[in-house]
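After this come two complexes, each holding chain A, first together with chain B and then together with chain C.
Up next, the complex of A and B:
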C-alpha cells in the first residue's frame, strides 16, 4: 500500500527544496570533477570573501558547509572520534574535527571534499580556522592565504580599513599567482554586484517571516542558506533566491505558515544543532511556536549596509570585518533587539554551542540585555552543532517545555 | 473534588492528593528503572490510603522527568511551573525557588503573583545536583541522612575545586588518603555545591523570600552552605521534597 501523504503537511512543504537539493548536488559533482575539467578548487571559511574566487573562475568549497552536512547526516560522532584518535582534543570545534579526520578517510555523506588547490582563511568568524587551515595546508601541501580582519569592538577604524584593504590586494595577487592568470577587474565588479543582489534577495527572503504566520521558519532558513554561503556572487544564487522569494510571497498570499498553528514567535541564536533540526522544529511546532528568525542565517546579509555594490573591492574590507561574530557584545545585543522588534518575537532561544566559542561567549550578557530592554523570556540550550555526544534529549525537552509554559503564560493564552 | 499531582524524578517519585483544594495525602517512593510503573504504583497507593477508588474521577497532573510516562494523567506540566505553584501553596510570599533535585538543579524567579518570571537550570552534568551529594557521601562512606549534619562540625572546610562529579570524587579520595578529617571534606563538598547553585541563583535574579525545595532541602549542610554563599536566610517547608507533586495537584484544580 502506498504511503498516504498528509495533505496538511504537504501544503506546508516548501517547493523550492527540491531545486536547492539539485543545485547543491550539481555543485558538489562539479567541484569533485574539477581535476578532470581543469578547474581550480579553493577551500574557504564560511565568512571568507568568496567573490574574487568566483571572478577568477575558481570553485569555492566550504568545509563548514560540509561540516553541517556531516552533522545533519548524523555522521559527526564517528568523524569527531577519528579526529580524537588523531590526537585532536574533544574541546576543539566539531567542524574542525570532522573536517580534519574526514580528509584522511574521504568519509562523510559525499565521500569527502574535492582536494583543494589552495586554502582561503578569513578569521572574521573565529580563531580556530587559523590552525585548522594550517593543518589542512600541510596535509594537502597547498598554499594558504590568511585574511586577518581585526575585531571591531566598537568601531571600524581607518587603520583597520587600510590594513584589510591592503590584504585584499594581496589576496588578489595570491589568486593570480596560484591560477597563473590576471584578475579581470570588470568581471570582478560584475561579481560584486551579483553578490550584493544575492544578499539583498536573501535578506528579502528572511524578511518575509515578519508576516504572521511566518511562511518560513529558521529551520527552513538553515537549509536554504546553503547557496548564499557557497555560491554568493553567482547568477545561480540570485535566480534561486528570486524563485524562493516568489514562493514565500505566494505562501503569504495563501496564508500558509511554516507552523500549522503559529501562536508564539521565537528568535534563535547560534548555529543550528544539525543532527536535531527535525526534532527541535517538531518540538516547537507542537507547542504552536515558530522560530521566525535567527542571528545565524542573517549573518550572510547583515553586513550589506557597509557594502557599496559599485565599489565592491573597496567596501568589502569593512563588510567582511563587521560581520555578526566580529563585533562587540553590545553591538550584538543591539542587533538581537532589532530582530526582536522587527520579527515581533515572544522569546529568545539560545544554543550554547560547545564548538563555537565566539558565538557562545557573551550569550549570557546578550540574554541579560535583551531581558532588560524588552523583558523577553529566554532559553539556553546546551549542545553542539555536530557532535551528538553533547546533546541530552530529556534535559533539553524539559527546558523547552518549561520555557514554552513561561511564554504561553506571558502571552496570556 | 479530588486532584492529584505525580512527580516522577530521576531518583524518587512523589505524589500529592488534594481534597477540596487542601492537601490531603502525600507519598514518596523510589522511581527505580520503570518510571511508568512507579507512577501507577504511587497513584494506587495514595488512593488506597485516602480510601478512594481509581474509578472516581480525579484530575491528575504529572511532572518531573517521567511526566510523559504517566498515561492516566490529564496533563503533563514541567517541574518548573509545578515547583512555582507548590512553593506558593506552601508559602504565598515566596518570590524565588532553589530546587536541587536528583539530576538537576534549578533557580526559579517568580513575580509578585507567583507566576514564573525566569528560570535557569544547571548545565547538563551532575555537578550541583543531589546525585553529586550521593556520590560524595558514598565515597566518604556516610549515610546521606547524616552527611549534612556531619559537615556542620567542620572548622576548616577542605576546598573541592573540580566542577566535574567524577573528578571531584577522585579529589575527595585523594583528600581521604591525605588524612583530611571527614567533616572537613564533607563541608568542602557542601560548599562546592552551594557555590555552583548560587551562581545559578544569581543568573536567574535572586529575590527574597527564597524557598529551597527538592530532596537536598532535607540536607542541613547544603542548606547552611547555600545560605552562607547567598548571604540570605531561606524558607524550607516540611514538604520540600514534595513541592513539585503538590504544585501539580494545585495546577490540576485549574483543569477543565
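Up next, the complex of A and C:
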C-alpha cells in the first residue's frame, strides 16, 4: 500500500534529487565497467585537479566521495573496524580507514570502487591523503602522482607558485605516459572553461540561500555537492546545476523554504556527519532553524577568484593551492565572517571532527574570532564524519537545545 | 662522567639553560620542533636553535585552542608557550611536516606574543627535480627572512662554518651509536638519550666538546659486554620523550642498540657536503636522509631502512613507540610491521602519550615481548 504523503513535506522536497541519484548511479556503473570499455580509472583526492583527467578521457573516482557514501549508508563502523584489524589506528581519518579496508574486501554500498590505473593525490586538503595514497599505491601497485601545494599560512609565495606550475606540467606528462597518448590542449582549454562554468553555477546555487527563507539548506548542499566534486569539468555537471539553480529560483518565487518555518539562520563548519544528516536537519528544523550555508560545500568554488578561465592550466596552480583548507586560520575566520554577513547568519554550528585534524584544529580560534567580530553564539559538536562510535546522540541533542536557546534569546524572539 | 653530568643538567631543564645562555652569552634563542628545521642556518645567523618538546604540565591553556584528539607533543608545547614559559624565545620557526604542526603554527602566530614567527613551507615530497629546486628556494627564502628577523647578515662563510660544526656533531653522535651497538653495557640507554637531546638544547660548540670528551671516556671504558643473553632491540617511531623506557627495557633484559627516531638516528643521519653552495648542500642532506613519515620519497624506503638497521645491528626485535594521535606515523605502522614480519623480525607496538602514564603496564608489555624473543 502506498504511504500517505504529507503535502507540506512533498512541497518542500527538491525535485532534482532523483536526477542527481540517476546521474551518480550511471557514473558509478560506467566507472565499474571501465575494464570492459577500455577506459582508464584514476583515483583522485577531492581537492585534486580533475580537469586534465577529463580532458584525457580518464574516469576520475573519488575515495572521499566513496567514504561519504559509506558513512551515509551507515557502513562506517564495520569498515573502520576492519581497518583497525589491519593495524590502522582508530584515531586516523575515517574516510581513509574505511577506504583502505574496503579495497581489500570490496565491501561498502557499491561493492568497492573500480580498481585504479593510477592515483592522483593533491595535499591541498591534508597530509592524510598523502599517507593514504601511499598505502593504496602499495596495495594496487599503480603509479602515484603527488601534486604538492605548499600550505599558505599567510601568503602564496612566488617560490610556491613556480613549484606548483612546474608540477602541473609534470602532471600532464605523467598522464600522457600512463595513458600512452598526448594531451589534446584544445580539449583541455574547453574542459577548463566548463569547469569554471560549473563552479560558478554551484556558487550561484549556494547563493540562493541568501533568500529568506532559504530554498535549500546546507544538508541539501551536502547532497548536491557530489557532482561538483566528481564531475567537475563535464557538461553533465553544468547542465545539472543549471536545472538545480532554476528549481531554486522557482522555489524562491513560490516562497518555498527548506525549513517550514525558518526563523533562525545558521552556518555549518566542517564535514557533514554523514550518518546523521537527516537527524540533525530535523532537529534544527524542529527549532525553526535552517543551516543556510557551510564552509565545506563552498570549498569547491571558493578559489574561483584565482582562476582565469582563458588560462586555466596556469592559473589553476594558484586556484588549487589557495583553497579553504590550505590557508591560515585567520584567513579562514575572515571567510567565515564573510559568509556570516552574506547569508545573514544568527549562529555558528561547528563540527569538531576527530577524523579531520586540519579542518578541526583552529576551530576554537575561529570560533573566538567570529564571536568577537560578530557576537554570534556558537555550538561545538564533537563527532566524526563516518565513524558512528564517536557520536553521542543524547549529549548532542542537549547541546543543540541549549544553543538554540541562546540563538533565540539573542534574536529577542 | 663529568661531561654527562653537565649534559644531564641542561637536558633536565632546557628553559633555564636557554635563559642563561641568552643572558650570559647574549644569544638570541630560536625555537623549533622537528628535524626538518634547518638548524645550520639558525646557528650560522649567530642565534641559538632550541628544540622544544613540551613539558609534562597539565594541559589547561592549550585546551582552549586544540581539541583532545591532538598529539600530546603539540598540546604540551603550546601549553608551555601560552603559560609564558617560553617568553625568552626571540622567535619560532615552523617547518612544514604534519597537519597538526601546520595548525599549531597558525595558532601560535595568533596567540603567542613572543618573538618573530617564520613558516618554512618545505615540499612534502623529496624525490623530484622540481621539489629539489623548491626546497632550495625555500631554504634561501628562510635565510633571507631570518636575516631580516634577526637583523644580521648570514654569509657563505658563516654557513660553511656552521655546516662543519654540525657535521662533526653528527659524526660524533654516529660514533656513540656505534660504540653502544658494539658494546651495549658501556653506556645506559638513558644516557644515550641525554647525549642526543643535548645536541638539540645546548650551545652547539660547547656541546660538541662535551660530546667528544664523553666519547673519549667511552672508548677507554673497560666495561665489556658480559651478559650476552640480553636482547638487542631497535626503537622506531617519531620522537621519544620517555627516557624511562630505556631503563624499563634494560631491567627486562634488553638493550636498545639502534633506533629509527627523530630524536635519535634521524637527527644525525647524513652529512652535509662541504663544497659548493652551502644552502644547496643543506637541501641535499634532506633529500638523501632517511625520511620522517610526514614526508614522501617513495613507498617503501622507510621499511627497507628499518630492516637494514635491525639487521646491521643484529637486533632481536623492534619496539614501535608511537605517539597517540600522530597520523603520519600511525599510517606507516601497518606496512612497517608487515615488512618486519616478512623479514622474520618480531615487533611490539607501544602507543604512548607525553603525559605521565601507567608505567607498570608498559613494563609488563615489554617484559612479555622480551620473553618471546
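The criterion applied here is as follows: the second predicted complex is superposed on the first by the 412 of 413 C-alpha atoms of A that agree within 3 Å, B and C clash if a C-alpha of one lies under 4 Å from a C-alpha of the other, contacts with A are read in each partner's own complex, and residues count from 1 in each chain.
Rule of thumb we're sticking to: a contact is a pair of C-beta atoms (placed from the backbone, for glycine too) under 8 Å apart; a residue touches a chain by one contact, two chains touch by 3 or more.
Because the structure is predicted, anything quoted here is derived from the model rather than measured.
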Margin query: Once chain A of both complexes is superposed, is A:406 in touch with chain B (first), chain C (second), both, or neither?
Written below: first
Notebook entry, point to check: Of the partners chain B and chain C, which touch A:335 in the superposed model: first, second, both, neither?
Noted result: neither
Check: Of chain B and chain C, which one touches more of chain A's residues?
Finding: C
Item checked: chain B versus chain C as contact partner of A:154, first or second or both or neither -> second
Note to self: Contacts for A:134 in the overlay, against chain B (first) and chain C (second): which applies, first, second, both or neither?
What the structure shows: second
Next item on the list: Please indicate which partner A:190 is in contact with in the superposed arrangement: first for chain B, second for chain C, both, or neither.
Entry: neither
Margin query: Contact-wise, after the overlay, does A:166 reach chain B, chain C, both or neither (first, second, both, neither)?
Written below: second
Check: After superposition on the shared chain, which partner residues are touched by A:398: those of chain B (first), chain C (second), both, or neither?
Finding: first
Next item on the list: Could you tell me if A:365 is touching chain B, chain C, both of them or neither one (first, second, both, neither)?
Entry: second
Check: Does chain B (first) or chain C (second) touch A:84, or do both, or does neither?
Finding: neither
Checklist line | On chain A, the residue positions that both chain B and chain C contact, one per complex | finding: 364, 382
Checklist line | Residues of chain B touching chain A in the complex | finding: 65, 76-81, 103-104, 115-121, 123-124, 203
Note to self: Going by the contact rule set out above, which residues of chain C touch chain A in the complex?
What the structure shows: 64-67, 69-70, 96, 98-100, 102-107, 109-111, 119, 121, 123-125, 128, 130-131, 133-134, 137-138, 141, 293-294, 296, 299-300, 322, 324-325, 327-328, 330-335, 337, 349, 351
Next item on the list: Mind listing the chain A positions that touch chain C in their complex?
Entry: 86-89, 91-93, 96, 123, 126-128, 130-132, 134-135, 137-138, 144, 146, 148, 150-151, 153-154, 157, 159-160, 162-163, 166-167, 170, 328-330, 352, 354, 357-358, 360-365, 382
Item checked: chain B-facing residues of chain A, complex -> 364, 371, 377, 380, 382, 392, 394-396, 398-399, 401-402, 405-406, 409
